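Here chain A shows up in two complexes: once beside chain B, once beside chain C.
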Partner chain A sequence: MPSISNQTAIAGIGQSEYGRNLPDSQLKLGARALKAALDDAGLQREDIDGLSIHMGWPLGLDYDRVAEAYGLNTRWAAQTWLHGRFVTSALQQAAMAVACGLANVVACVTAISFTRERQILGGPGDHEGSREDGGTHGESPSYGLTAPAGGAAIAMQRYMAMYGATSEQLAAVPIAFRKHALLSPYATMKKPLTLADHQRARMVVDPLRLFDCCLVTDGAAVAIVTTMERARDMKKKPIPIAGMQGMRSGRDEFIFAPPNLGINQQPAHSRRFTAADNEVFAMAGVGLPDIDGLYTYDAFSPLILFVLERFGYCGPGDAAEWVQNGRIELGGELPMNTSGGLLSEAHVGGWNSILEMVRQLRGEVGPRQIPNAKHLQFSTCWGDSVILGNAL
Partner chain B sequence: MSDVYAKPLPPIDGLNAPFWAGARAGKLMLQRCLDCAQYRFPASRYCPSCLGERSEWQATSGQGMVVSYCGFHKAYWPSFAGDVPYDVVQVRLKEGVQLFSNLVDVPRERIKIGMKVRAHFDAVTDAVTLVRFKP
Partner chain C sequence: MNTKPLPRITPDSKPFWDACKAHRLMLPTCLDCAKPHLPPGPVCPFCFSDALRWREASGRGIISTWTVVHQPWFAAFKDDLPYNVVQIELEEGPRLTASIIGAEALRVGLAVRVTFEDVSDSITLPRFRLEIE
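Now for the complex of A and B:
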């Protein structure tokens, strides 16, 4: 079986503006991002023959309406709904489709108007969180566990009790990402964040304070995926998809906790993960020291600690200390979410970080450039990952 | 009991009805596989451990242990606005399954992971009794 490693590439990226209460509709923001991505790749709309959309009910439109609205004629489509779980899933499906010949050029489209629809992010309008009295993040509304933040908070509280981690240590995550956001022209947050600001801010769901919870914003992002061979003929340097692995599921998993922390129905036992537990590294032909930057879906700051442990960057219970002293900041050992992530740049379903990875590997980001970035990884604490390489 | 209870109520269906009927009668009922004897939660038509389709509902000890907790300072539902800040706990029952719930009459500073708790039945409406816990 031939490996898909480096057979496909991101050939173009585009985005709309990001921000709160944008006047434009989700679909219009998406059109702007698609147009920018086509320009970036040097392609025409007619070249797009596949769609992988990371939007859809309850937060948007389906693939058929998107194709119709953008004047596309596609022969392959995949659709996930707008949930953090599905960032690399949508990207991986695009890569697999072009590698298998089901499409030549796939547009991955995410468009979000969270500020118009914030009532569905927890509360009576959150049908996902109310289904069967048990939502994805542990939502159990009759007992007041009424929002995704609750699942992350209950995991962090247990992690703190087990390992002695503190809110002050956790603050290193949003502080790092805020520094990165200040270097991103697209960022929503424009002011520095100090430890005192973090500790003074109101609790949202204890132990998570305001700045441990991501932004609620609007915006759109598009990434165009094609074969490596075809990408070489396009306008920009292709960014190869070097490795990937799927999200993990089963009773050992709870979306906002490392495996076996003991949340929801997880059996509790401590487990050290290594690169060998994550086939993404072998597929990309790299090890942990080869990764020049790590990106993750930072809906809540504990997720950064959990992804570091799950992918073997540090041992169970070590991450809160590991992230101190600038280690995850630009210039540190493992810069993370270098444009500010969901916590400080914008919540574009995580795709703002995919775009940032492409720009980093092309060497386009000026003051926030990771020098000589060769391999960047997107991973989540629920286990999926993509490693992007540098074609040079 | 009150006929103006405005908070969300659990969807009670054919599958989980024995759990909620038990709660109304002051019993913590759990589904147990007749093939492999594992308890399970939430209710399901087959056993997640052995896929066995035969099960029965058993009254359990109602005893458990706090595994974790969090404190809501934001009322995502307007009906919780009068309660914030309030705490949610996860309890691991002696039978091995875990539930999200609340403690009754325990201030936050006294909640400890590992503390032993027992079921407390809280009739919030004529039809629904929630399963909360007390030390």
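Now for the complex of A and C:
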């Protein structure tokens, strides 16, 4: 079977405004994003014959309501539910569907009104965290441990004990992304963040302070995926999907930790990961030095440390030191989340970062531009990844 | 809702909670590979065997990670704020989420021993105390 590498592409992107307590429904935000994406690609609504929905009920939109509300007539759909973990999963399913001929043009739609649904994020309204075997971020409501933040906290606490990492070191992550957000016209956060601000902010769940936790915002983002062949005839330069790999699971894994950190039932024996552990690099035909920028689902600042280790950018326990001195900032060795991510731009389920990657590879982002960006990677500490390329 | 949430019990975990009610900490243990596991599952996750038997644990372990919750997520926990939640690595290997009674400062590696708190007529939660050093 031929490789799917560079056979599919993102042909158009669009978004709504991002912000807190937006008056519009998520369906209306989604419509605005879809119209913008169709215009960007030079397509008509009738060209969309597949839908890949990242955040479905109970947080976002379901595929059938999207098709009904926007008058689409689709022949293929995929949908994941409320979690952030399915960003590249939704993108990869779209790519596979068009590569296999199950659809010609798939709209990846994420539209969320988080500020209206925030009770889902912890406490009695977090039904998923209250499930029979406990939540997937280590939630244990009978002891008062709830919310995804709790999972990131227990992982970071152990990481700090094992490697001597500190809250002051962790602050480098939200400080870097705030700098990036100040260069994004779409960003929710408009003021610089200092180390003193970070350290003074209230503790949420030890060791996570307020600015280690992402924004709760509303917004919609759409990416249109089609085959590379079709994309070449569209309005904008296509951005090829060069490599993909799926998320990892098993007893070595905890969603918000690097492998084998020792959270939940993970055996505790960390080892150095390399590009060879991650087939996304081989599929894309690149190595770590070829990646010009890294993007991740930054729901909590520790996740940035963990993804760097998982993908071999640094060794186990090294990431807290590695991110210091501007290394992950624009102009640094590996700029990350260059529009500010979930921590400072907006929480659009991570798709604000996918859109940013496309804009970077098209050279559209002015003061945020990574010079000569050729390969950008989206990866998470739970192991999934997509590498986008820069078509010649 | 002003009562603390209770664990939701499944057919796989019922023996664990029944044992807690009797103030005993029991682990599903594989008769084929001899390994205990948590959370209680339908088969041995190590060798996929169906031959599981419940065995009593020593009740001793160490704190493998911990946190202190400051956010008032649950009205029912408001009076407890800030409160700790820990993961305990039991002497037998599996880890259990619980909390520590009467601890001032927590750290990874501290030795603990199980105790039991009857929180309702039907549910008893395992909790832990620091071992006296």
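As a working rule, the second predicted complex is superposed on the first by the 391 of 392 C-alpha atoms of A that agree within 3 Å, B and C clash if a C-alpha of one lies under 4 Å from a C-alpha of the other, contacts with A are read in each partner's own complex, and residues count from 1 in each chain.
In this text, a contact is a pair of C-beta atoms (placed from the backbone, for glycine too) under 8 Å apart; a residue touches a chain by one contact, two chains touch by 3 or more.
Treat the numbers as computed from the prediction; the structure is a model and nothing was measured.
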| item | value |
| --- | --- |
| Chain A as common anchor, with chain B and chain C clashing or fitting | clash |
| Partner chain in contact with A:205 - chain B first, chain C second, else both or neither | both |
| Partner chain(s) touched by A:50 [first = chain B, second = chain C, both, neither] | neither |
| Contacts of A:335 with chain B and chain C, given as first, second, both or neither | neither |
| Partner chain in contact with A:141 - chain B first, chain C second, else both or neither | both |
| Footprint overlap on chain A, where chain B in one structure and chain C in the other make contact | 122-124, 130, 132-134, 138, 140-147, 149-150, 153-155, 157-158, 161, 202-207, 251, 262-265, 268 |
| Contact set on chain B toward chain A in their complex | 7-11, 41-42, 48, 67-74, 76-78, 80, 83, 85-86, 88, 90, 92, 97-98, 100-102, 108, 113, 128, 130, 132 |
| Chain C to chain A touching residues, read off their complex | 1, 4-10, 13, 37-39, 45, 64-71, 73-75, 77, 80, 82-83, 85, 87, 89, 94-95, 97-99, 107-109, 119, 123, 125 |
| Touching residues (chain side chain A, partner chain B) in the complex | 122-124, 126, 130, 132-134, 138, 140-147, 149-150, 153-158, 161, 202-208, 251, 262-265, 268 |
| Complex contacts: residues of chain A adjacent to chain C | 122-124, 130-134, 138, 140-147, 149-150, 153-155, 157-158, 161-162, 202-207, 251, 262-265, 268 |
